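Per-chain numbering from 1; labels A, B, C and D assigned in written order.
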Amino acid sequence: MFNLAHIRGGIHPAAHKDRSAALGIAAQPLPPRLYLPLRQHAGAEALPLVREGARVLKGQLLAGSPTELSAPIHAPSSGRIIAIGPIEAPHPSGLQANGMVLECDGEDRWVDLDVPADPFAEDPLRLANRVAEAGVVGLGGAIFPAAVKLRQGAKHEIKTVLVNGSECEPYLSCDDRLMRERAEAVVDGARLIQHILRAYSIVIAIEDNKPAALAAMRAASEPYGAIEVVAVPALYPMGSAKQLICQVTGREVPAGGRSTDVGVLVHNAGTVYAIQQALRHGRPLISRVVTVAGGCVGNPRNVETLIGTPVQALFDSCGGLLREPRQLLLGGPMMGVVLPSTRVPVIKGATGLLALDRHEVPQRESAPCIRCSRCVDACPMGLAPLEMAARTRVDDLDGASEYGLRDCILCGCCSYVCPSHIPLVQYFQYAVGQQDERRSAARKNDYIKRLSEARAARLAEEEAARAAAKAAKKRKATAPAGEVSP
Amino acid sequence: MLGAILVLALMGLLLGGGLGLAARYLAVSEENPLIKEIEALMPGSQCGQCGYPGCSAAASALVEGRAAVTCCPPGGVALAERLAELLGVPLDAGAIAAPVLARIEAAECTGCMRCYRACPTDAIVGASGQIHCVLSNACTGCGKCLEACPEDCIALAPQAPTLDHWRWAKPQAA
Amino acid sequence: MEYALFLIGTVLVNNVVLVHFLGLCPFMGVSGKLDPSLGMGLATTLVMTLGGLSSWLLEHYVLLPLGIGFLRILSYILVIAGLVQLLEMIIRKASPPLYRSLGIYLPLITTNCAVLGVPLISAREGHGLAEAGLFGLGSALGFALVMVIFAGLRERLALASVPAAFAGAPIAFVTAGLLAMAFMGFAGLI
Amino acid sequence: MSAQGIAAGPFAHDRSSVDRIMLHVCLALLPATAWGLYLFGWPAINLWLLTCASAVACEAVCLYLLGRPLRRLLDGSALLSGWLLALTLPPWAPWWIAVGGSVFAIGIGKQLYGGVGQNVFNPAMLARVALLIAFPLQMTTWALPLPLGAEGAPGWLEGLRITFAGGTLADGLSGATALGQLQTELTLGHGAPQILAEHFALLPAFLGYSGGSLGETSELLILLGGLWLLALRIIHWEIPLGMLLTVAALAALAHQINPQVHGGGLFHLTSGGLLLGALFIATDPVTSPISRSGRLIFGAACGGLIFIIRSWGSFPEAVAFAVLFMNALVPLIDRLCRPRAYGRNARGKPLVAAKWTSQVKEVDKV
């Protein structure tokens, strides 16, 4: 049934997973304060529903989603909201974002949870709404609201639910450990998603460098039909949905389209687990498994932590930082972002926290491109990164777009192989940012145009009304005179 | 000699006549469609920041090459690029002024409504006697409210950095 | 076969731009971007082929019978100018964007010395009608080929970090020289 | 809003670098070069040293004049250009050929365009063609192999004299290459088989005991070096394969049709700088296409041009001209032959979504 077509390009970076994957998932102790940014998902910022000083229980809704494309925020523990306002965001810029600060009371008391008796008996759309209410977003780093995907999928005919357990980024092993230790829950979650989408089958794809996870998932899916656990080759970026779909189904997602266009819906293993927790136990997404690793971490391992826990606390519980890290990252080394400090909180999309040592981070000055076309060979999207970068360098954004910027997934394979050490990904980030800027400027331009046209129309109307009133007044003034005159 | 003159004259006549006929069959309308096209692109707020009385005047100035493609601050880089492409002129991205927004100092605002009336894009909201406020997504930074304000409590400033407006910088590398 | 070789010879071996060094003005002027240069190349191809044919007819049915060969240059220019005017009108009607991007160079086809030079060379060599037409076509194709190659190179150069002193026209001229050197490899083929 | 100095990912690298690539290419050239130097003795050694040194020196001067970091000198690209140029020169050429060629290659061919990676023509081939056009006599006077220590081979001092004081080669010491001989004698009305029987032997030509430039001698060692680079994935296979196959196929075909004029596939493959060109020169990444199909076209067209110019042109050796001409076409090839992007067809249009998925399920309608 499965045509194991190979994906093009890709790289084989050193995995560095052994140390963190060897230890079981540890529970992170409750920190004194939790910092909760209001936007931990793709889409609109959540709107606070509680006041400063309010006492909240664990799992209580703190901020609701204003639009479809958004996700609510729940209290990870019980305590008091001591501040609502700007907090330091886990973002490379070090800027602040709106958020809440929750002072934990240590009781960790749950709110009354609405636990469905048998989710399989419930209406699929109601289940999708439950996922939305639980604030589940893509935990692989994409942070796209899971319910939006489910609802979208419900409108299409979905053949396959693809559980993405490939985890191709070096260092990260949180999905690996999750699949090993909570295989039944992940399989249950996958079956719930299958139920929601009425999909025909489930495929669980795991890279072949995780034999333990493969075995565990195979054992857990044994009792059910229509679940297939496939080993995919360990290759970066296998975890990217488009590449994984191509590998597993042999079909390519059309450019500009979604995976539903080829009858597949992809969810990360961590997300599947979170969905299972929401549907089986009514628990909103308030915690996740995070890999804490890197050469500067004393005791690299996976930790299940509450959302909002400061990064420093996680490093402390993993043996502390041995040295001043050369690079502090949120996510994996390929697509992760630099953290401005260790004070920032863990968010829903945090797959890993890396404190990389000097020898782990390449630091070479970049040289001119020699057009060796290694980036072309490595690009999993079949683009020409060198041409895109050359055009971005001279700010020819349309040219860059034409050479593939619009299809770029920013996976970083090109930068990884570049012998000239050109920061290709940063060029593309810059170009994408500039295009966003242009687009928003054009939107604003249109908006302003509409506004000024509306204003002109209104002024003309007012003028006409005034003139009419004046004329009426004049008529009134002249009419009585006429009456007298004869 | 006479033959040469005759031949040349004949050729001239023939070619001239032929071209005249061709010009009639292949005539194109003289009116420049470019001005209309450019005017449609301009913000249309008639703010006058370009130095021309309104957007259509600026459009014809652009077509005639009297105005630079970077003359419209509300349009920003996006507009300048479109204009440069349409007019086939090189774009000096450095010449584009960074966008600014008006900001009302709440403490000094008396709620006189003058800025509200002056704003060409209805970007100022407020009622008589109440503090006014600028809608950042509608403000072009034209500064007409500054002139109108009797309290001098409006200032133009670049937008404060937020995560929504943060962009990756261009690499410095070779 | 003979005509094919003749054509290849005029396109590559005796390239009008890189070997005869005719028509350098549009060669330098319009080769900045690929699309206009292709348009210019095609426009010139049309003018040159028609120019080659019509000037041969002019030569053999008017100038030579009447014994007024001394009017050759003058009358050639007249005919070519007429052709270019006609072409300009056609392009303006058919493709306004091409018309705009060709800009001033379109009327300048008239003064493209290659357009005049090719019929003159043809007359000097004593070509027959078919040869004259092929010579015009071949020269023009050679012109278009070099234009397109050169436009590709210049698009690449626009992305390179050429030293400020050589950026723009200087490096374009150097490149044209080096390209001419590469074309010397075809010497002796025909 | 944006901030300088914040690095975007990835924070991992395969540790490759430009200088490593250049170093590997130089290493791959080493066996063939060493053999050539041994074969042609001290004048060749002088010439090789001189060419490489002047290329590096010229690069240094240019970098200094342009205010670019002198560190770039260490990437080895100038050394490689000089080296490749040296391999295409007549081994006993005078010093000014070496220096002039190097300066032309680096100064005009490379630095004028902005240095490494920016040039559109292969610098070494540019210099060789310029020299060939400007100094046809010196560039076609080939010394016969006279290994170091052999009887009559020039000693170190005499080598210096040959390189720096010039002077014409004695008749007994010089001869034309097989390609040149074929071309000259064909015009005299001799048939190709007799000429080749006299002046060409397959095995020595392959192993490397024949006249010619430094890099033309041992096809075997060049091939080994090239295969090593292929194994290291420093060069791609498309260009050498396309080029060699085209030349061999065309030559074999022409030989079948008219053996009196054409030399046959193996003759072409082992003669002249074809292997050096196919493995080391046409594969120069800067001046070759970036996509696989583009490289195949590039290689095949190079091969075709080489055969045409060798057979009917006025220059006996065609690699340099063919490579230069194709270099000029690279931007066009790159534009036309792009790799197919994921989710798009070959022309860049998005693939069509499967029809059945976009239909709303029957169940939902009820």
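We adopt the following convention: contacts are C-beta pairs under 8 Å (C-beta built on N, C-alpha and C of every residue); 3 or more make two chains touch, one makes a residue touch a chain.
Keep in mind the model is a prediction, meaning the values are calculated, not measured.
Counting steps between touching chains, the shortest path from chain A to chain C takes 1. When chain centres are set by their Cα atoms, the one at the greatest distance from chain C is A. Highest inter-chain contact count (C-beta pairs) belongs to A-D. Chain geometry summary: the mean Cα position of chain C and that of chain D are 33 Å apart. The centroid of the Cα atoms in chain A and the matching centroid in chain D are 49 Å apart. Put simply, the C-alpha centre of chain B and that of chain D have 53 angstrom between them.
Look at where the CA atoms of chain A average out and do the same for chain B: the two points lie 38 Å apart. Multi-chain contact residues of chain D (touching two or more other chains): 1-3, 6, 8, 114-115, 118. Residue positions 161-162, 166-169, 174 of chain B each touch two or more of the other chains. Chain A has residues 93, 365, 367-368, 423, 426, 429-430, 433 in contact with two or more other chains.
Interface residues of chain B, counted against chain A in their complex, comprise 42-46, 74-79, 81, 93, 99, 120-123, 137-138, 140, 161-163, 166-171, 173-174.
Interface residues of chain D, counted against chain A in their complex, comprise 1-3, 6-18, 20-21, 71-72, 75, 77, 114-118, 236, 285-286, 288, 290-291, 334, 338-344, 350-354, 356-361, 363-364.
The touching residues of chain C, when paired with chain D in their complex, are 34, 148-149, 152-153, 155-157, 160-163, 166, 171, 174-175, 178-179, 181-189. Interface residues of chain B, counted against chain C in their complex, comprise 3-4, 7-8, 11-12, 15, 18-19, 22-23, 26, 28, 88, 174.
Contacts from chain A toward chain B in the complex involve residues 39, 89, 91, 93, 95, 97, 365-368, 392, 395, 422-423, 426-427, 429-430, 432-434, 436-439, 441-442, 444-445, 447-449, 451-455.
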